[in-house]
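Going by the order they are written in, the chains are A, B, C, D, E and F; count residues from 1 in each one.
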Amino acid sequence: MDRRNIPVTPETLGLLQEIDVPTLSGTLTQAMGYRNNYMMGVKPLAIQLSQRMVGRARTLRFIPLREDLVAAQYELSTSRPHRDALEEIKPGEVLVIDAGGCLEAAVIGDMFTRRVHARGGSGIVIDGVLRDLSAIRTVGLPVFAKGMHGSGIPRALMSVGRDQPIRCGDIPVIPGDIIVGDTDGVIVIPPHIAEEVAKICQEHRAEEEWARIKLAEGASIHDVYPPSGAFREEFEAWLSSHGKGRMK
Amino acid sequence: MDRRNIPVTPETLGLLQEIDVPTLSGTLTQAMGYRNNYMMGVKPLAIQLSQRMVGRARTLRFIPLREDLVAAQYELSTSRPHRDALEEIKPGEVLVIDAGGCLEAAVIGDMFTRRVHARGGSGIVIDGVLRDLSAIRTVGLPVFAKGMHGSGIPRALMSVGRDQPIRCGDIPVIPGDIIVGDTDGVIVIPPHIAEEVAKICQEHRAEEEWARIKLAEGASIHDVYPPSGAFREEFEAWLSSHGKGRMK
Amino acid sequence: MDRRNIPVTPETLGLLQEIDVPTLSGTLTQAMGYRNNYMMGVKPLAIQLSQRMVGRARTLRFIPLREDLVAAQYELSTSRPHRDALEEIKPGEVLVIDAGGCLEAAVIGDMFTRRVHARGGSGIVIDGVLRDLSAIRTVGLPVFAKGMHGSGIPRALMSVGRDQPIRCGDIPVIPGDIIVGDTDGVIVIPPHIAEEVAKICQEHRAEEEWARIKLAEGASIHDVYPPSGAFREEFEAWLSSHGKGRMK
Amino acid sequence: MDRRNIPVTPETLGLLQEIDVPTLSGTLTQAMGYRNNYMMGVKPLAIQLSQRMVGRARTLRFIPLREDLVAAQYELSTSRPHRDALEEIKPGEVLVIDAGGCLEAAVIGDMFTRRVHARGGSGIVIDGVLRDLSAIRTVGLPVFAKGMHGSGIPRALMSVGRDQPIRCGDIPVIPGDIIVGDTDGVIVIPPHIAEEVAKICQEHRAEEEWARIKLAEGASIHDVYPPSGAFREEFEAWLSSHGKGRMK
Amino acid sequence: MDRRNIPVTPETLGLLQEIDVPTLSGTLTQAMGYRNNYMMGVKPLAIQLSQRMVGRARTLRFIPLREDLVAAQYELSTSRPHRDALEEIKPGEVLVIDAGGCLEAAVIGDMFTRRVHARGGSGIVIDGVLRDLSAIRTVGLPVFAKGMHGSGIPRALMSVGRDQPIRCGDIPVIPGDIIVGDTDGVIVIPPHIAEEVAKICQEHRAEEEWARIKLAEGASIHDVYPPSGAFREEFEAWLSSHGKGRMK
Amino acid sequence: MDRRNIPVTPETLGLLQEIDVPTLSGTLTQAMGYRNNYMMGVKPLAIQLSQRMVGRARTLRFIPLREDLVAAQYELSTSRPHRDALEEIKPGEVLVIDAGGCLEAAVIGDMFTRRVHARGGSGIVIDGVLRDLSAIRTVGLPVFAKGMHGSGIPRALMSVGRDQPIRCGDIPVIPGDIIVGDTDGVIVIPPHIAEEVAKICQEHRAEEEWARIKLAEGASIHDVYPPSGAFREEFEAWLSSHGKGRMK
């Protein structure tokens, strides 16, 4: 299972930059039938209110440590998946880490964050915890995690694989998936449906824009969200008068 | 069990606007013998530091979905408790939602929040999660919940009842209860004791105001909180000299 | 087990004031072999971004209440460990409270916080919850806890001991231990190794300072964190040229 | 939402008596599209290895207690849903109780179990805990719960409703649903699909009976579960030769 | 807080041997007002169906380990509370252990269980886990715990105190308390009320004995549990005719 | 990371058949320094009291499902790791499954268990749940899991890898590791230390055998576990007189 060879156009990635996470998540769940799209418990620990993270997933997997194996990882440099993963990040990629939800050792800190940033990565998402949060917040890279711990990887974990399908926030992440994150959380979009998802979301946003106006005027939720009966016509008229013709 | 027919005077509601949640909670627990008054795990996700939510409870209840029943709720408009509840909110009411603590689907989003606000509701409290938090924070309505998810109700839940006694944050909420919330959390006051509670709290606040002065002067907690021995007299004197005669 | 008689010099305490919690935690775990040094789940609820709490531990222990015993604690003043603990705090001490992680009653509120502050205490750390968070944030004392509840101690707990070894955030705290807290969490340092820990951290900070420069220049994490091969020499040169000779 | 008026024939109920819970659950999930059919965390605490519970659901709902309301429930006999529910159980019904998963007070004990048994009830299922387990095991009625506690309802709970849709074991239960339980757990069948479910299960059981024979002979799981290629023909032949023609 | 000096007569201890745990727990909660009497999550892992454990509490407390302190405990024999506690157990005492609910290291195994048994102890209760369960079950001593782990104390814990008030199963245990355990769990009785509790329970058992007869005859729970109206008289008559006069 | 090429002699495997899990776990933790050797929360659901499972690990990994990928797994037979894993089990191997602790779908049932048994596998260990427990118990193969669910894999999961390092019961499992299970739980032994571990355990068992005799005679735990002072000599004498010379 690898989705890195499925192309996603810059136009689609550009559209995704403009859509908030809940709109994408609702569309994936209800319109597309992909229920497992929103990461649970993975919080926006380092991100600006106006910032949005969009990128293709690179994955990394940790399991609890075994003493001799973790010692070998630190003595020999031949196989250290967690360090190799950093050094292979390409511009626009998001590093997604499955640490099994472990709260007992941080898998990312200030230094690793800076290296992902320097390589042009778009962000880091952790099913586990980080350290150096205060310092990470000064880097500018969006980072999502379940919380923080003071000590690093070898307190409890060891890395065992890269570029594999993983679990993160109780949902699947396949290498090459599109990851979108903002202050409302993180979602995962299978790349082959990204364009369709973006277009449905655009339409839905127009519907919400109109509904906000109507709700402010005192309209009932029954009538305007979604638009029903006569309100459906009013919405369609508003759509065309505002140059927002249906896209689907 | 319904407490909506028990009147609470505007004076009492006004008093409650001035008392912080911990003072109310402590009074309910220790002075009145109502231990289950503070909601656990329900966080102040959308509220200003100076804002206080006071209102009578309207309730709504969700359970995990059954596929055919939730489909019927979305196809037919005859019985959709979660939407009907919104459209019956009256000015000054707080919508309290029992979603069984479910973290897997949001029961409130931007649109529903705007409708409660437009109808004059005082706030929303959720034993579950919400979506669109960034947008909700711009509405101005106080909203409390256990966290957030990206997708809406039909990912995991369906509404099954309104205006029933419910569980929220591990305590009971009966329709008509008084709900008070601020940045320190949410509490529930049975309406028939609201006036008494407000008056005890007023007195307690005077005691705390005086104790803060004494503690700043270096007094021992044994002496001044609560005032004991000679300090009791000093406190009584301070009370009358500041026009804060005992109220009970 | 009591570590209060182990002296720690003002110089060491001063060094600790300048080192962030993750650096201390990593050093304790990896360089010193003390894995249980970082408190899990104990959050920086009341602290400034630039503030650091450093002090010697005084401990207090709560267990679930028994009705007759808690009543006696409130009627008689002869033995109330939680109040006596407050009145014995000395300048520079941190009150560390084992409430068994209880979320159902707050063990610290506005008044108790003010008293610790007035006595010159350096902070409060709670394996449990607090109340009056909004008010506590105005006091200026660093306070760490697992969350908040509206009601006080006698809703669920009673104090049973002071100056005993306790559990807090899943790690041990022995009276006299050094407690350090900042926005990245709280750690515990056995006093007899404090000086060595501080010196290792100083060196590690220099290494990180240099690595940040190199990472900004595009260097690989393999080369500079930690410095290896030719980069080790470059780092040593940088160290001497910046007057940061090795300290260990 | 009430399913009590949907008839289920004695023949269908009889068929369900012969099908184990996992076979029913798998069919509901995969063949019928009802994912929420198996109760999680609700254990077979009192049932014989050969026993199977089949019946229509009567529901009862508890929430955390409020001191004055629970006192009224025990002083006045006008409204005590948990007792009234017992006295309305009809032969063949299963009492399903939503106690919100509460582990702090038992909602069923020896006496209540005996009364349900005496009225001809088929069993009791609790999203919460029971007491008197040793005694209950001598009654002969199947009882499922999350565990046990020593004290009864008024330690933590009060009953607030009967014959309402409820949550139990993280799935929905609607009054009139068919409840089936055995040592492998408890499932819920919407009554309008019960006959179809029973028939699919009968066929699936034949498939499993044949597959067990083939697996014992050393056949590959790829070939025989489900039967594929030439093995499909062999299975069909076996079916007819054993008088188990397809039923659907 | 120590209750070891409060005498309990052999007659009272004898009465307690005949009363099951749920009857004691219900009486403590409802008749005596002691809510925190039943240990939650502490399971009867090694006890016979007919066996009942009754004894006075000796307590032992563990916290997470610190590497140098636990090493000292194993090298020097001067202070090892967990071993000293075993060697001070007196006939009829129950060892109650607060391991903070830790599931990561067993605090009791086969050897320690044999030593408590050899010294005449009545049982062991653990807020944590044990090892060697298969072997422990052959000893004959009742043992209650939260589960099992394969490794012993120094994997995660160290002992720090004996004969102190502790938390076990979310309730308080004071040295000298009466501990009663059977297949329905473990409860704690403050010794100064033990005689009264035993007598109320005796009466309640008579009421239950009579109610069982009436329920088998088809009586309503409203009428016979507790006996009300005319049934109260019938019960009183039954009581005297069976030589079970009221005891209170 | 693969340990399948590290040979373990039949003699060592034979020795391991005679040693109980807690003895192995304690030796791994304390004598060998491998703390992560005992699986937490993985229960002996299907095993006889006298049975012991010993074998080399084959691993299988699941993550939460994605709708299109799981559909493809069921339609095409080209890549179905969970089925391929079954068909590659060799005599003496144990199938260890990482389902991320998921309680919402069973990954093993009656049929899969029979196939592992038919292929000569030694057992199945699941970090997740199973179905058909009643039927599985009749197969005779040891099976360990966290609990049970009624429905199978496609309710919540999909398989994504075989023969990879995995997490199971909060510890690491590397393909080729030795897995030992009995009624006291499951442990993992790195194969290169298996012989040494077995020998230390043999000696430890002699020590325990002797200690049991001494404890039955009333000896103190201080003297005999481990044997100290004069008792050390007595133990050594007992060892030689019983033909149990030291083995290390």
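Definition applied: a contact is a pair of C-beta atoms (placed from the backbone, for glycine too) under 8 Å apart; a residue touches a chain by one contact, two chains touch by 3 or more.
Bear in mind the structure is a predicted one, so any value in this text is a computation, not a measurement.
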Required minimum of steps from subunit A to subunit C, each step between chains that touch: 1
Chains touching both subunit B and subunit F, listed by label: A, D
Joint neighbours of subunit F and subunit A, given as chain labels: none
Candidate from B-C, A-F or C-E with the same interface as A-C, over half of contact pairs in common: B-C
Same vs different contact residues, subunit C with subunit E, by half of numbers used: same
CA centroid of subunit D to CA centroid of subunit E, Å: 33
Between subunit A and subunit E, centroid-to-centroid distance (C-alpha), Å: 50
For subunit A paired with subunit D, centre-to-centre distance based on mean C-alpha positions, whole Å: 39
Between subunit D and subunit B, distance of the C-alpha-averaged centres to the nearest whole Å: 37
Subunit A residues counted as touching two or more neighbouring chains: 35
Pairs of chains in contact (touch as defined earlier), listed by label: A-B, A-C, A-F, B-C, B-D, C-E, D-E, D-F, E-F
Parts of subunit D lying in touch with subunit E, wherever the complex brings them together: 77, 83, 86-87, 103-104, 106, 109-112, 114-115, 118, 131-135, 148-152, 154-155
Residue numbers on subunit C that touch subunit A, as the complex places them: 20-22, 24-26, 28-30, 35, 37-38, 40-41, 49, 182-185, 187, 208, 211-212, 215-216, 218, 220-222, 225
Subunit A residues within the subunit F interface of the complex: 1, 33-36, 63-69, 100, 158, 160-161, 164-167, 170-172, 174, 190
